[in-house]
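Here come two complexes built around chain A, the first alongside chain B, the second alongside chain C.
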Partner chain A sequence: MSGPTTPEFLARARDEQRDMVEQYYRDLASAGGPKRPVAYMLVGGNLTEIVRAFGYEVVFPEIVALNCAIKHVSLPNILNAESQGYGLDVCGYVKNDLGLQEMGGETPFGKIPKPDLLVCSFSGCYVYVKWWEALAERYGVPLFVFDVPYMRDRAPQAEDLAYVVTQLEEFIAFLEKTTGRSFDRAELTRVLAQSRRAEEGWVRYLRSGTHRPSPIEAYFEAVFYMFPINVLRGTATAADFYETVNAEVDERIRLGMYPVPEEKYRVVVEGVPPYPSYRTFWDFFRNWGAVSVAATYPKVGGLFDRGFLHDPARPLESIAEYSLGAYVNQSWPLRRELIADYVREYSADAVVIHGIKSCRSFTAGQGDLRDWLIHEKGVPTLYLESDHEDPRYFAPAQIKNRMDAFFESLEQRGATASAAGVAP
Partner chain B sequence: MTIVAGIDIGSTTAKCVLLDGTSVVGRSLHPVGVELVKDAEQALEKALEAAHLTREEVAFVTGTGYGRFKVSFGQLVVTEIGCHAKGAHFLFPETRLVLDIGGQDTKAIRINGKGEVVDFAMNDKCAAGTGRFLDVCAGALGFDVAELGPAALQARHPVKVTSTCTVFAESEVTSYLSRGKEPRDIVAGLHESIVSRSMSLLQRVGIEPQLTFTGGVSRNEGMVRTLVRRTQLPVNVSPLSQYIGAIGAALFGTERVAGRSA
Partner chain C sequence: MATPLPMYPPTDETSAPRLELAEDLREFRDAANLEAVVKLAREVVEDPSYPTVRAWALHGGKAVGCFPVYTPQELIHSFGLLPVSLHGGGEHLEISHADAALGSFLCSISKSTLELALTRQLAPFQGFVFPYICDVSRNLEGLFPRLLPGPETHMLHLPQNFHTRAAVPFLTAEYRRLVVKLERLSGRPYDPDALAASMRLFNTHRARIAELNALKRTSPAKVSLIESYLLRRLGGLLPRELHLQLLDRFLPELERRPARPKDAVRVLLVGSFCEQPTLDLVDLLEQVGCYAVDDEFLQIHRWHGPIEPGDDPLASLAAAYVNAPIDIGVRATPTTKGEAILERVRVADAQAVLFLTAKFCEPALEDVVLYRRALDAQKIPYLHLEYEERSTAYEQSRLQLETFVESILFN
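Up next, the complex of A and B:
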């Protein structure tokens, strides 16, 4: 482990995570290109286990984009994409990637290799499909687009499951043809076992937000810990990492060291973070003694905490269940019920929603969510808006003003949703 | 006698109110410049001068508004959302909904019977539907802002201003002028446009009586009448409507002082 320890609370796993991320990008950028062929994939419902079983390294351009934003280098990429003709309203992830590709893929954390394969694992966002098509045209590499139906019920319907499994079988045949390798079911089973171990550790970490005070920051901190569960899932490295994280969480509880030492407000957060102003936004919460005890965004890659875990004994079926059940693939009634459940289970006082301008797929409906939580559930809820990639949309004074007013009102009323209970 | 001061540093004006218990004993209002700390000090000095009081007689100072952190000599800062809620409740105790239209912000605030904020909604990062919107359009029409309200009341065939952007609305005003529309009809259209934007904020938090209208734009009679017509509610407007944020700030100070001595 190396690097500084965050002074506010024990954060040794954070240092390890930082090393892991740096190593991942170093490997991608190693001289002569990465050791293995590269598959680009989307986080939502990703099929990392299958492509890993075929020997691919996985790159998630969404994660590259958020890393660019958090390191304050997304704007030049976005401007480059806009100069190519992509409009102001186009998704910031898409523009960051297409601008970055145009400029050769160099980032402060390493050169991002070109794809050998494009897997559009989430088709709920049509812009994403077009993004992958643009990359396929640019690089002339194979593209496989999945069609994953939206979830209408808590459990996947049989016909949806069969539909996705059929596509997975087609995908495997496609990979066998593309790579010239035979599908190794035993290898997939082995990879899935590692995935499951990582998922169990991740869930244990997330559930520790039920403690009072919370030993974890389930939004700002958990976002860092999403990297292994999304990017390195299926490796022993990811599974081992969560053992380190949970040992640290246990130690925090034992030592009484918490992300917010004097916890005043327990908050559930919904929405993608404003990565270009990540620290500033986090400070706005900390200034009020507010800690996020649960959040939806860290589950965009999978709702493992709601009972789903990959099953090595049912490889394709469980991968299909996973893809269908990803948070981004949930209908709004399911999303809002999940958030209300989090408020109740994690004894939260309020919900903060962060909407992002350039993603209607994730954000549309959040205004109604706010109204539903306030009027139907009696949960104090704040809606804020900026962007996940584009720093031009983050107005610190206005966001701070809204947050100050919101927490002031909670303080003034001295009433909490947890004390009052969430309306049935 | 316990004098407390509330200083509201907004985007266009600085306001100060001195309270003695429940009585406003002094007030001031002046445009803000670039040195907000000086504006805050000046606001206090002018209010003290009006009340024939000295700085030493002020027991507590609360800052509010976008420049609240520039009231560096104060003991408390509170957002203008909380202050408008408290100030409106103080002047009109049955208030449950506050509409504040200031220089750059429009806020709909739902409050409870104690004057505490229950919910609020604000305009997005855009000045359309705010005082600035009226300033810009008044300029395009050759009006002084104070003339807009009376002009709107004279309208016969209000035009429809469709643009949701201040800059584009100014172009729309110019276009209507070039087509020979009466300025008063254009002004009425502008008022309608602002109230339409305000209505969506009010509906977001829930419309219920009583509604109190605050901020500089509430002094515009044309706006008040349009708001009454659209909400179908009587609308409370105080002669002190521009000072309500500062009054609320001062009331927070009064509570703190009472808490200390309790």
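Up next, the complex of A and C:
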């Protein structure tokens, strides 16, 4: 499916993104120590704006892990972690990181510096807490556990916000003590304005999946474009990047250049990608003319498209709301409704769920989601399973067979979500 | 495309032995001796249809199932409801439907709890509380209202930041959310005096359990692990008033037992804070020559010491949770894991550590690595065994345990 009409290969945005990633890792390689201290942080509900305001470089071990997997170098890290005692059932990201740490942090994209600070944003995944405990034990550096209540209601509740805002105030005091620097609130406001600009650009990009045919690939392509919104949020670089992206999306619509030459199936994808076999998995979709028009995974950093945007006029409150709004921090009833809303809003024909063997946070209950979508919403839904990090669990022939059977039956049945009455 | 058939069972499907108990649970009160109570406890624990809860329901009593590891049971009790510790389906429950709904690579307790719900064996309950102890328990809660409509279900976010001044107010507010549901369920308004009274009852109950644990630690030959375990399991299944009577009656008897110490290794059991091993495995641990002088079973009965209800019992209850010095896999550790395990070995005066973890229980598995490093550094022996609810072949475990015990005894 590659060729001159595939935006992925035309894309200026994609090249810019690649440069940005490379620059980020180059910068990191020389970071660490008192002059350019390094904070380790998690993607879900992260506090990157605050930490950067104190002069920290930020490492996201989850992103390092997915980069390792996509570059096919995760397995040695995983095996090292297993030799340390981390069993087969432990999250692949954790094993990649703890193996990599043990082996000195060298990756094909640069050396990952050791942390000077550990910020555990416990937003949607309890494994975060365990992972950061292991890092704290290893490095003996300050650890801040930022506890974000689980979202059980559509809107954040006052007591949740009060809890989170108090912790943010304490976090700032903790950073002032740790770094000896005083906090510049005006600077945070300025940074948040950049965050907001990036978020609005990102949302515009995501929403363009409503076009028919879709000018974007809201899963496989969006995963690349998640990098700035999660890692570089708060910088002008990130905000400018989405302007480039959206200009390109407009251009794609103008020129009629779409992710697949003929859009046959519009799907919503739920779940973390199988990074070790990313291209292969993507090809399985492209072969059927299937394009993801919306996906949940690109929202792990925050549900910006559902209104959880940073607001420079309410800095801490909006950071609190944003942290509460990470996708995996939503209860199953909220997740289910979100996916059904995506099916409707993006006029999708089907849902594909990719379950991750070693990620319970995302995966536990996805079978029930499939049942709900099929039997209560009338949405054809396919469930597949492998791993996000460990190449040993991707069975290409089996996955392809199941996808072929699914799309074939969709084809034969002519059954779409719109036919089932879900779409408007 | 043919629509796949619903993966859930017909509503009348059940699959369990059913023990019938009298409405006032007199079988316990009238038991001739401790052995009879322990035998009855075994039957109750092995019956996944919750016989004590069914008996409680015979006179209109309502019950709330509490998933491990911690729920403010006094609060539930103060509404006249029976707080019941859920501990999965045990070895006799076949998992036919839960795998497909929840996933394959998951601990047994999550799957068997869902299976119990799907096969209507949780019918005697009017409510459920799932504390957020891990992502599996949290997600399981999310399926309950859809798959078991009717009962109130509550996901309790227990704080993980124990250093913030906001933790107690937040948890108090969390308890208030639960209160709204308990009021609905019981038809009674929240009453701080009733809560204070329940807190006093639970204080006494925890004190008795602490005596039982202390006896096991100081005179392990006087009470076997299986006895102490089954007595504690009953604590989450019977009305606490009745359980307290049993403890009051049998603790002195246990104290009076002649101690006939055998040549055994004093071990600290770590990792079974949520899913429980089978009773045969619990039995096996001491058969092979261990004294399990401390463990992580049923932490709910030992979470904290006595709580003074004070002016605001709800806030006092919240503070007790937050300030408890408990260090287990589902609570962000207040110290380092290494220091914590060494301290616990010291306090228990243990010679070795036995990691007993549920398969697929990530919180437990990740701690084991850190614990092992600290133990290695101090040359403290340990063994790691994994279990599942339905595992019944213990030959391998027996062999490992025997070798472990021999290596310590003869070194």
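Throughout what follows, the second predicted complex is superposed on the first by the 403 of 424 C-alpha atoms of A that agree within 3 Å, B and C clash if a C-alpha of one lies under 4 Å from a C-alpha of the other, contacts with A are read in each partner's own complex, and residues count from 1 in each chain.
Everything below uses one rule, namely that contacts are C-beta pairs under 8 Å (C-beta built on N, C-alpha and C of every residue); 3 or more make two chains touch, one makes a residue touch a chain.
Since this is a predicted model, take the numbers as computed values, not measurements.
Q: Which partner does A:His375 contact after superposing on A: first (chain B), second (chain C), both, neither?
A: The answer is both, since A:His375 touches chain B and chain C.
Q: In the overlay, answer first, second, both or neither for which of chain B and chain C A:Arg413 touches.
A: both
Q: Who does A:Arg196 touch here: chain B (first), chain C (second), both, or neither?
A: neither
Q: Is A:Glu133 in contact with chain B, with chain C, with both, or with neither (first, second, both, neither)?
A: second
Q: Touching A:Val145, do we find chain B (first), chain C (second), both, or neither?
A: A:Val145 contacts chain C only, not chain B.
Q: Please name the chain, chain B or chain C, that touches the greater number of residues in chain A.
A: Per-residue touch count on chain A favours C.
Q: A:Asp404 contacts which: chain B (first), chain C (second), both, neither?
A: first
Q: Per the contact definition in the header, classify A:Ala395: touching chain B only (first), chain C only (second), both, or neither.
A: Only chain B; A:Ala395 stays clear of chain C.
Q: Same chain A residues contacting chain B and chain C, which ones?
A: 367, 371, 374-375, 380, 385, 406, 409, 412-413
Q: Under the stated contact criterion, what part of chain A meets chain B in this complex?
A: That would be residues 367, 371, 374-375, 380, 385, 393, 395, 397-398, 401-402, 404-406, 408-409, 412-413 of chain A.
Q: Can you name the residues of chain A that touch chain C in the complex?
A: 84-87, 89-91, 94, 120, 122, 125-127, 129-131, 133-134, 136-137, 145-147, 149-150, 152, 159-160, 162-163, 166-167, 170, 331-333, 335, 355, 357-358, 360-361, 363-368, 371-372, 374-375, 380, 385, 406, 409-410, 412-413, 415
Q: Along chain B, where are the residues that touch chain A in the complex?
A: 66, 78-82, 112, 116-120, 122, 124-125, 204, 206
Q: Within their complex, state which residues of chain C touch chain A.
A: 1-4, 6-8, 99-106, 110, 132-136, 138-143, 145-147, 155, 157, 159-167, 169-170, 173-174, 329-330, 332-333, 336-338, 359-360, 362-363, 365-370, 372
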